[in-house]
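Order of writing sets the labels: A, B, C, D, E and F. Residues in every chain begin at 1.
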Amino acid sequence: MVHKATDDKLVLGIPKGSLQDSTLDLFARAGYDIHVSSRSYFPGIDDEQISLLMFRAQEMSRYVEDGIVDVGLTGYDWIRENNSDVHEVCELVYSKATSRPARWVLAVPEESDITTPEGLDGGIVATELVGVTRRYFEAKGLNVKVEFSWGATEVKARLLDGIVDVTETGGSLQANKLRVIDTLLTSTPRLIANKKSMAVDWKRRKIENIALLLHGAIAGKQKVGLKMNVPRAALEEVTSLIMDRLPPEKSPTLSPLADEAWVALEIIVEEKIERDLIPDLKRAGASGIFTYPLNKVIP
Amino acid sequence: MVHKATDDKLVLGIPKGSLQDSTLDLFARAGYDIHVSSRSYFPGIDDEQISLLMFRAQEMSRYVEDGIVDVGLTGYDWIRENNSDVHEVCELVYSKATSRPARWVLAVPEESDITTPEGLDGGIVATELVGVTRRYFEAKGLNVKVEFSWGATEVKARLLDGIVDVTETGGSLQANKLRVIDTLLTSTPRLIANKKSMAVDWKRRKIENIALLLHGAIAGKQKVGLKMNVPRAALEEVTSLIMDRLPPEKSPTLSPLADEAWVALEIIVEEKIERDLIPDLKRAGASGIFTYPLNKVIP
Amino acid sequence: MVHKATDDKLVLGIPKGSLQDSTLDLFARAGYDIHVSSRSYFPGIDDEQISLLMFRAQEMSRYVEDGIVDVGLTGYDWIRENNSDVHEVCELVYSKATSRPARWVLAVPEESDITTPEGLDGGIVATELVGVTRRYFEAKGLNVKVEFSWGATEVKARLLDGIVDVTETGGSLQANKLRVIDTLLTSTPRLIANKKSMAVDWKRRKIENIALLLHGAIAGKQKVGLKMNVPRAALEEVTSLIMDRLPPEKSPTLSPLADEAWVALEIIVEEKIERDLIPDLKRAGASGIFTYPLNKVIP
Amino acid sequence: MVHKATDDKLVLGIPKGSLQDSTLDLFARAGYDIHVSSRSYFPGIDDEQISLLMFRAQEMSRYVEDGIVDVGLTGYDWIRENNSDVHEVCELVYSKATSRPARWVLAVPEESDITTPEGLDGGIVATELVGVTRRYFEAKGLNVKVEFSWGATEVKARLLDGIVDVTETGGSLQANKLRVIDTLLTSTPRLIANKKSMAVDWKRRKIENIALLLHGAIAGKQKVGLKMNVPRAALEEVTSLIMDRLPPEKSPTLSPLADEAWVALEIIVEEKIERDLIPDLKRAGASGIFTYPLNKVIP
Amino acid sequence: MVHKATDDKLVLGIPKGSLQDSTLDLFARAGYDIHVSSRSYFPGIDDEQISLLMFRAQEMSRYVEDGIVDVGLTGYDWIRENNSDVHEVCELVYSKATSRPARWVLAVPEESDITTPEGLDGGIVATELVGVTRRYFEAKGLNVKVEFSWGATEVKARLLDGIVDVTETGGSLQANKLRVIDTLLTSTPRLIANKKSMAVDWKRRKIENIALLLHGAIAGKQKVGLKMNVPRAALEEVTSLIMDRLPPEKSPTLSPLADEAWVALEIIVEEKIERDLIPDLKRAGASGIFTYPLNKVIP
Amino acid sequence: MVHKATDDKLVLGIPKGSLQDSTLDLFARAGYDIHVSSRSYFPGIDDEQISLLMFRAQEMSRYVEDGIVDVGLTGYDWIRENNSDVHEVCELVYSKATSRPARWVLAVPEESDITTPEGLDGGIVATELVGVTRRYFEAKGLNVKVEFSWGATEVKARLLDGIVDVTETGGSLQANKLRVIDTLLTSTPRLIANKKSMAVDWKRRKIENIALLLHGAIAGKQKVGLKMNVPRAALEEVTSLIMDRLPPEKSPTLSPLADEAWVALEIIVEEKIERDLIPDLKRAGASGIFTYPLNKVIP
């Protein structure tokens, strides 16, 4: 008998491998305490309604579709590879490594004469993403032999005619002197759920609750608290400087100060605008500027 | 001549081994800068009145009793094992690994017929905690041979009749197919001091000061700052939601905002209530909710 | 053709090796997102006007002088060793390891009769800092053969007559039973720039901007936010307690509270005064004291 | 253009991964000097007619069939999985790890009710050997969904209905509390060649030569030289003791000694009979018995 | 029920820890094939009459005495520490690490005034060998507190008054600036057996057989085969050169050669005399001298 | 005072780093037992007339010249780099890694237009071998700036104009897409001695003795013992087959066999001819062919 998600527990799938650490960190920031022992596939969690399973991201969507897992995290690429019929709850861009989407690209050696997918007709290509790659060439009416690659794919570009491999920055391709000639897929992490599980009320609410807290934790990582003292005379300019950049999570909180000529301004902003914003604020008259880290931000 | 704690330095014992990293992290959060080089037993500290020694947690209480160390951190289990005559300053539950007390349990193989300590009469038991275990069986009037185990105790449960081993979650016992039949001792970290050192005024004050800062740092790790804007109309409900959960470190700090219909509310709460509290606060009308990490909390 | 810094990119040199981790951490705190793959010498950064190169701290100033790098981080020692003609933008004391300046000292075995540099006349000394050491002895009119040492310099002090080696705490010298007889140089990290790059307007502004943010991040690491509620009656004493210790980044921000007998006080202070200040504040009547970490502090 | 085996070089494929070390050791014993740098896929060899490529054992037979490799080492399992049309030169049982054939078995949890392959009809099975497994169930007319497993297959036996996994001693199955219900395949290492390559005279001869030397090296590892002095009177008994055990590689070499009452006897025997044979030889009157290691044995 | 050595299996104890690798290597050379998986305490062996258990050398003699193990390897030191009533089958000096006996010495800091055991009267000593050390001081009528040391004993020599620690070359003592003032015990590995097991005929014979093969393997490692051609005229001198050095395992085997003026001489000698012997042999007229490794030597 | 080689000890320098393991292995095969602790620069040796020092190969010749070491092992490259005035005792090609001479080559990026050393005039080159490289360009009258490279030299070929780096197989150059345009130096390991030490009789004899044993051990590693039974009728052909290949260490040893139609033939041959010779011997009628490893071969 297959291990099946039951009615009294929500089975949550955590991706083992490259996404594992950032996933566990995300759940920790969202307020869940997960214990993974190094050899176990069944981590513990401090929520009695949830039980956890670990799978490779590559496999996750299959087990969500099969109902072995109610809700799980994986990449869009492997959902497509597996052609899985699942409910996508939301996209979650939660780790530095995943803040730029992974691209699966068709690449050939720099010195190759091939410049288009059509140039590979009759050739051999190695990839870990066999299904997507085959469908890609079939859709183009091209006769390309697609071999499954057991790792070190980039080395095979010179032994065969080309490869389909995943890249974020292109750095590894460059290091291997490969040239991209097409992009098959871009992928980000997704929270996916079994369709039947979404039809069970308490499970759907719990899944939405998890999604909310995960988003709050992602926002907490990307944003910072920003505080400064502003002369009342400069308040308008300072406020507009902030508003010009990014829609902040909320409008600034203004608090009176003991010295009535000044007001304290506090706001939550994207961390990445800090480095441009701060010099402008200083020039506009703000003083005592500082920023501090956040745990969670709920708009 | 034995190295003895002197009158002008407080000798502080740091436990080497499994508690070491969390102890050093705790002191760092408390404001002490400790330098441990990988092979040294004499770490440095940025307080001229303190000198440090490292011992295994198993040995610490002996050297505190002997006066070689004035004050040290160790577990309650090893204080009992060594039967040490020391002053217990306070309990410190400071690391994830120690947030649930360690239990020393008497365990037998799952398939064993033995179900009570009495069933071991005439048998052999292995343990690292020989003294406590011998006293335990003697108190029960049982004739059990207690062998000191040099590691890998859980393996010996099947070679002998049973073991006394330490466990936190019971996971390792389960993995080894062992069954707990009694608990001899539960243990948490303790700050202990030499009795003569406590009679020296400046040493006692310094020890109490260290205890205070360590507690402040522990609280700082378990709590978060929570801020939100609340419509004055909703203030009562929001406040009672918070108060219902957990006694907070202090009652909320309310600050007027520029928009007089709203008030800023700030409070320190246990991090673990966050995931239930936040949705309720949002529903009650709070907005711009965010949480941020703390260093130290002194009530 | 040599890779040259171009007009449209600011080439920033990151020191590979012992300064690497703290440098990357500093840039992260300053708001720059740098991706270093383990074997790459060309990290990525989320600023399109900057491209990165990694060199050993020992080599950096040469490549800054050559114009291969516009601006880079290295130690003062290696700038002197290489006798590089570069613009020093600022000093940056940014990591625990570098918070005390590194000293390059002339050391001899404890049992040696030599007690002054003159005692080495006619002898042999090993060092990694050959240039500085040669100039040092030449300036003294001493005839000392200076050998370049390929690591493990401290071992050679007994094989030759002495060594010139770097030390922070003196611990390694002590462990090797060496005695310092002179200090040649003290060194801290520096941000240095190519002189021609400083003459290009946009590059100079960008470099100054980086220096500002790095300083802000350093301050953010050394300081904490401190908050408490103070009875109006105690405000003067509390304020003077704070002012007595250290010139704070700014004077305290005082906010009225709902309960008018109290006022909320917030201030940025050096983390290192916390452990002495907090007990005094408590005694003076402050309550609900807590501290929290900061990202960046701009005075 | 695909990298193709050419007419003037014999391309030899070495399996990367679990067979790698024992394969390189075998070639070294056979007299070939192979240089593998840790990251290279193109090792060097001291034979100008051979060039080397490294592939995973799983991939090898494909590249032999494709002609990218003329001759390669891999397991019988992966030849079957890939359904590769290659020439099998010989079986090579060359490492401790491979001295018992690997078995691919169908296994279910110990507590499962399933006891025959038929019991899995309608179920799901995970394996790395998808092709073989699918053909196995099809041949039995069973409807079993076969999922490719990305490692840690044994964990999935409880999540799905069963697994097909490789085992040598059964130890890992036992550790995971799994029960074998059928064996699909037993596998040993094979030397396989491209069929066209075998039709080229010099390549076929070279391949056969390699096979001969590899066999000689395997024999050299399993056998030892055994020497002793035997009184002429005891020669018959000693000889029959040896001949009773195992057919030796050749009959004993008898050499006259200076003392004519004795004769020196030398023979090559399986190392594994040594521990029983030696006491008997001693008792029969042989003296000065010793054994020594061999490099290569050609019958 | 305790796991007890049974009548149909000989339970052999292998020491886990520092002796483990050399013990396994010794058994391999003796002709036994032992499989140790990294986490198992029950290794496999290719002899159906033997089953294996692993214990720490420190514990072995207790379990031999208790009859849980029939025969085991451990050090003489731990037999004495445990005061175990066991049958000592033989001494086995089988690894480079154990080729010089381990000495347990009483050591004090170099700068200590203490120069005799009596100087420690009234002091504290740390050691892992508590029992032997206590009996040692009692026999001398000295009042010394002996503390069990959980590792890093050498560090405690300066914290307490002295230590009793194990040393082979004295290197670690020297590195820690300690001075030896007495030797309590010298220890070599021993094969020990349960006394009741030795009374069972087949077990005693099997144990003696194992001892014989282990000795043969130790000799095989320490000796080499030496061969040369000797002019008949020089035979007497060559033979006496060999006989002068060391009693060889047997007198030389002389074989006639095709050229009757010469004779082939072959002999087994201690490897360590090679470097002095070979130049002398050459000078005496021997030619074509070579040496080769051995597996096993049975006198 | 400098540590100086004394009259009663021969100070032998062992190269630390890449040559270290093969050097220690060579001395072990030569019959010397050297103990290196992981952090020590003063290994022990079982010869009371020798004391050991470890230096990097790069430094060795300087210390031999200076008389700190009497005799040491290093590479020819670093003798040239240091321009050391030392006595070269002999060349020693003793490890797989050194069996092909290391070449120091001038290399440029594959895509560079530079094809001759002259093309680098006015450019910058990085290398670890600064002295040799500078002299090389000076001798050609070229103005090339030579920068000392602190590791990862190959990366700098694209940042500067070229590099001078060491290579054995060219593999790393190829991996970095570099093209060799000239070879500056080829290097093999050398045994070198201080000139004054060679003038001391007992030291010179001891040094020559060491050289002899090291050569014997190198030969023992490169050669094997080869034995077979040959029909008297085929003896001439078999002998000539052997003699055709390589001058063997000595002519074959022929021993009569019990069966007078056959003769036993034993000979020492280079291991590397085995793989070609054995098939020919078999075809010529030899039977029971086997080879075995050697320790030491003295011609």
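Quick note on the criterion: a residue touches a chain if its C-beta (ideal position, glycine included) is under 8 Å from a C-beta of that chain, and two chains touch if they have at least 3 such contacts.
It should be emphasised that the depicted structure is a prediction, and the values quoted were computed from it without experimental measurement.
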*Kindly list the shared contact partners of chain B and chain C, in label order.*
A
*Furthest chain, CA centroid comparison against chain C*: D
*Copy-to-copy rotation for chain A and chain C - C-alpha atoms, rounded to a multiple of 5°*: 115
*Please indicate which chain is farthest from chain A, where distance is taken between mean Cα coordinates of the chains.*
E
*Distance between the centres, which are taken as Cα means, of chain E and chain B, whole angstrom*: 44
*Between chain A and chain F, what's the gap in Å when you average each chain's C-alpha atoms?*
53
_Centre-of-Cα separation between chain D and chain C, whole angstrom_ = 58
*Report the inter-chain centroid distance for chain D and chain E in whole angstrom, where each centroid is the mean of the CA atoms.*
35
*Of all residues in chain A, which are in touch with two or more distinct other chains?*
255-256, 292-293
*Draw the chains as dots and join the ones that touch; what shape do you get: line, ring, star, complete or other?*
other
*asked:* Output every touching chain pair, sorted by label.
replied: A-B, A-C, A-D, B-C, B-E, C-F, D-E, D-F, E-F
*In their complex, what parts of chain A are in touch with chain C?*
96, 169, 171-172, 175, 224, 229, 255-258, 264, 271-272, 274-275, 278-279, 282, 287-293
_Residue numbers of chain D touching chain A in their complex, please._
1-3, 41, 53, 56, 58-59, 62-63, 66, 68, 112, 123-124, 147, 149-152, 155, 158-161
*Please give the residue numbers of chain D that touch chain F in the complex, ascending.*
30-33, 35, 37, 39-40, 42, 44, 46, 209, 212-213, 216, 220, 225, 249-250, 253-256, 263, 268, 292-299
